[in-house]
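In what comes next, chain A is part of two complexes: it sits with chain B in the first one and with chain C in the second one.
Moving on to the complex of A and B:
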């Protein structure tokens, strides 16, 4: 059977692809960022954002304008767009969207589990959950008494159920540190997402698989870096590495043995993609950190995703780029409101 | 406040001795209190200087900490709910100790760490470095805050103590001592006057006695003269 996606992609998904490309065209450009950086107060920022696609999204806000209000409104806008895409999608694009929301769902579930375990009121936490990670059983979390109840009654209906089964058996749910749980869930999620994209084949696989491989390797590096000096053992660390990246299996084994940054760098030098990234990392406080370099690389890959047509990667790329833009705007707004302009140019430029 | 009053006491030499002793006592007391007040003022000024320095430093440190929070949020996303959720026991605690300055006890706060860092693995997947920096900055801010708290309580306590001591010094200097001195002056004048009275009385008595003596001698002579005549008549 012909694999040509261009033959029948537009039947189901053409409208949405056109829409998302239109949205992508309205991302902030370098000129917009230069204007924002020159603002003196948050009011100026609001005026500048009115000329962009954001329009009057802050029109209903009362004084004084704070950075958190800007953040909330931007997130609401992103959610509106995302929900629109999702509601108009057909299979298998809707499964793709579900996979995308799984990462937010994982964060929300961890929050809710924590709240339920500590017998805190769940209502306040519901407000703080990420809107893209909503699932229908969220309010039902507080009826669960123990974590295994939680799992059997609530989580088994959500798309997260298979990830939980990978991570653990029922009786270890109590003692497991929340952070380890979060990272294990994310690892299974990433691997499942990767398999889905790969099985779909076609242009989607060509675009999404490198992005997801990079995400997996990036997580491995960052987890290693952040676990230096903590009480996380090497074996525990190894169980958190997602296996769908380029580093699997030798690189991950080497990383698990690494004890400091230089050993990590040596592991990275075996791989052609990561060697230049590590070389771009500055020393100490002056240059870029490893995380900044990774962010830039991710943004580059997402922008390149738009160069090809007829695949689902555009939706993923758009969401990630929009989130990065939100982070940039919040960063610039914080620098302005705290009058700390030395690092105001450390946002990640997108276009 | 200062009237023309003096202590009501019967003026006598004994009273004078007693008053002199009291005056001496009051003067010694005043000098001691002045020394205490000086010591307290010295410490007060030192604390004031330190408070100014600490507050300036505080401004910088808080600014740095707030900015590192923004940096951490940029890289790690929103971790505030996770952090708030996992709060159970305090890691940094305060002990209150006492410090003594010229008799005034001042509270001093000292912080100590207890327990392990329960947020070690937060931000494991992203932003861990920024979170570590954030924790360090805010820890520094908390330490400074504790120091500032002890300085400010000492400041307030010392202020009270200095006011009280100064009030006492002034009271002794402008009320007690003048009163004793006035009493002393009064006793002395009374005693002098009494002496003068005594002297005058004595003098008057001596005069009277002299007059009496002259009179009685004159009488005697008259009687003798009359007696001789009588004696001569009989013969």
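Moving on to the complex of A and C:
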């Protein structure tokens, strides 16, 4: 790809970039969060959100208002914006958007397979799937017994098909295997997305590649942390780590051998980016968890993406920032509804 | 005198009742704290995993209980309540069965007796790699279960103590009608 995106980016994508920057300006500010934190009930939260860009999005909700309903409506709003961007996009931005939706598709596939394991009805789960990850073959997912079945019968026509290379096996889909499948699919997806951005080159690669490298390393750390004390073996664990991050290859090998949090921390100390993150983790129930620290770092990177023009990273960054905003609002709403206000200020301010 | 003995009994019963009430209050406060902690840890798990990943979508409407409640009569006629994990089977029959297997070592292996499959850990409804906040939530709720059983036993004892007290006070009134 020729360098010099500033010469021709606006021809195809200028309108959408302008639009997404407008949407980004309407994210909640610190003052909005302060107002939300002072609410006493979920009805107050609804009233405060009416003064923001969310407007009357909860107007049609019947009483009583629950946190889950707020989350569903926020998600629908994000989905409407995303679909608008996607419908007006041209190549290669459309492929970029398709890559973005693949992660939600993977979540939906896993949700449907778990539902099949629990013998739930497909119809009720289909309604609850993530709207950004909808694809036409979704209803047929529950008939598959093994990953090869799943691929051959259902997913071969979807964008998820290329990610199935490492996942084809004849094992029946029980809980452990579904978890392994989820992580392997996500690993292939992340590596493919990284390659796409890198091949695109230009400002997009400069912005998106560090973000995706961080995402890969974050997944490696979180998988390791959550696998302590489970039946997942170290070799299995190593096959789940995405290889497009800074930790590849030595860090991932060391991480696969880690057996507790301190060993993980020692691996992170070899990397200048991750050492300060691990130092910010509080111990026990007092301070921040590792996930909080990673979310903060992700928000910083996404906000910085808006400092450059003429790249696709603004769309990715906007979607991720909007999701963080949704997480913040859901957290504040849960603290209010459970009347447990000690940690209500643990949200991550964006603007 | 009979009245003196009765009064002593009333006193000791009252003291026991007050002790039980204090213990019940302490246990109730602990149970509330555990349940609050559990729900809060669930919120933290939702923050880490996604709001729809920890909720009714993940579990079936029919589920096998992991913990059962048993009651029994103690010697003073009071009912005692306690909780038992479903997988805790008494291993008494293993000994003789093993010996039987050993004796028949040369022959074809006897099929092992059908044991009920261990109930799945509800934590695995949400995946194998779950955040620690979800594990904390499970631990908090489990502690709360034992507390709830203790509270039930205490409540039964308190009710019985109250009725005993009322009975004794009636008797006392009958014995000394002029002192009321």
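We adopt the following convention: the second predicted complex is superposed on the first by the 323 of 351 C-alpha atoms of A that agree within 3 Å, B and C clash if a C-alpha of one lies under 4 Å from a C-alpha of the other, contacts with A are read in each partner's own complex, and residues count from 1 in each chain.
Note that a contact is a pair of C-beta atoms (placed from the backbone, for glycine too) under 8 Å apart; a residue touches a chain by one contact, two chains touch by 3 or more.
Note that the structure is a prediction, hence the values are computed from the model and not measured.
Trainee: After the alignment on chain A, I want to confirm one thing: do chain B and chain C clash, or do they fit together?
Mentor: The answer is clash.
Trainee: On the A-aligned overlay, A:219 touches which partner chain: chain B = first, chain C = second, or both, or neither?
Mentor: A:219 sits against chain B, while chain C stays out of touch.
Trainee: May I ask you to decide whether A:235 touches chain B, chain C, both, or neither, giving the answer as first, second, both or neither?
Mentor: Neither: A:235 stays clear of chain B and chain C.
Trainee: Quick check on the superposed pair: does A:119 touch chain B, chain C, both, or neither? Answer first, second, both or neither.
Mentor: So A:119 only meets chain C here.
Trainee: If you stack the two complexes on chain A, which partner ends up touching A:227: first (chain B), second (chain C), both, or neither?
Mentor: A:227: touches chain B and chain C.
Trainee: Examine A:340 and indicate which partner it touches, taking first as chain B and second as chain C; both and neither are also allowed.
Mentor: A:340 contacts both chain B and chain C.
Trainee: Scan A:91 for contacts with chain B and chain C and give back first, second, both or neither.
Mentor: Once the two structures are laid over each other on A, A:91 reaches no partner at all.
Trainee: Mind working out whether A:186 is in touch with chain B, chain C, both or neither, as first, second, both or neither?
Mentor: Only chain B is touched by A:186; chain C is not.
Trainee: Residue overlap on chain A between the chain B contact set and the chain C contact set?
Mentor: Shared contact residues on chain A: 111, 114-115, 118, 120, 125, 128, 178-179, 182-183, 222-223, 225-227, 230-232, 289, 291, 327, 330-331, 334-335, 338, 340, 343.
Trainee: Okay, in this complex, where on chain A does chain B touch?
Mentor: So the residues of chain A in touch with chain B come to 110-111, 114-115, 118, 120, 125, 128, 177-180, 182-183, 186, 219, 222-223, 225-227, 230-232, 240, 289-292, 295, 327, 330-331, 334-335, 338, 340, 343.
Trainee: Residues of chain C touching chain A in their complex?
Mentor: Counting only chain C, the residues touching chain A are 36, 39-40, 43-44, 46-48, 50-52, 55, 57-61, 120, 124-125, 127-133.
Trainee: What residues of chain B sit close enough to touch chain A in their complex?
Mentor: Residue positions touching the partner: 63, 66-67, 70-71, 73-75, 81-82, 85-86, 120-130.
Trainee: Name, in rising order, each residue of chain A that touches chain C in their complex.
Mentor: Touching chain C from chain A are residues 67-68, 71, 107, 111, 114-115, 118-120, 125, 128, 130, 175-176, 178-179, 182-183, 222-223, 225-227, 230-232, 289, 291, 326-327, 330-331, 334-335, 338, 340, 343.
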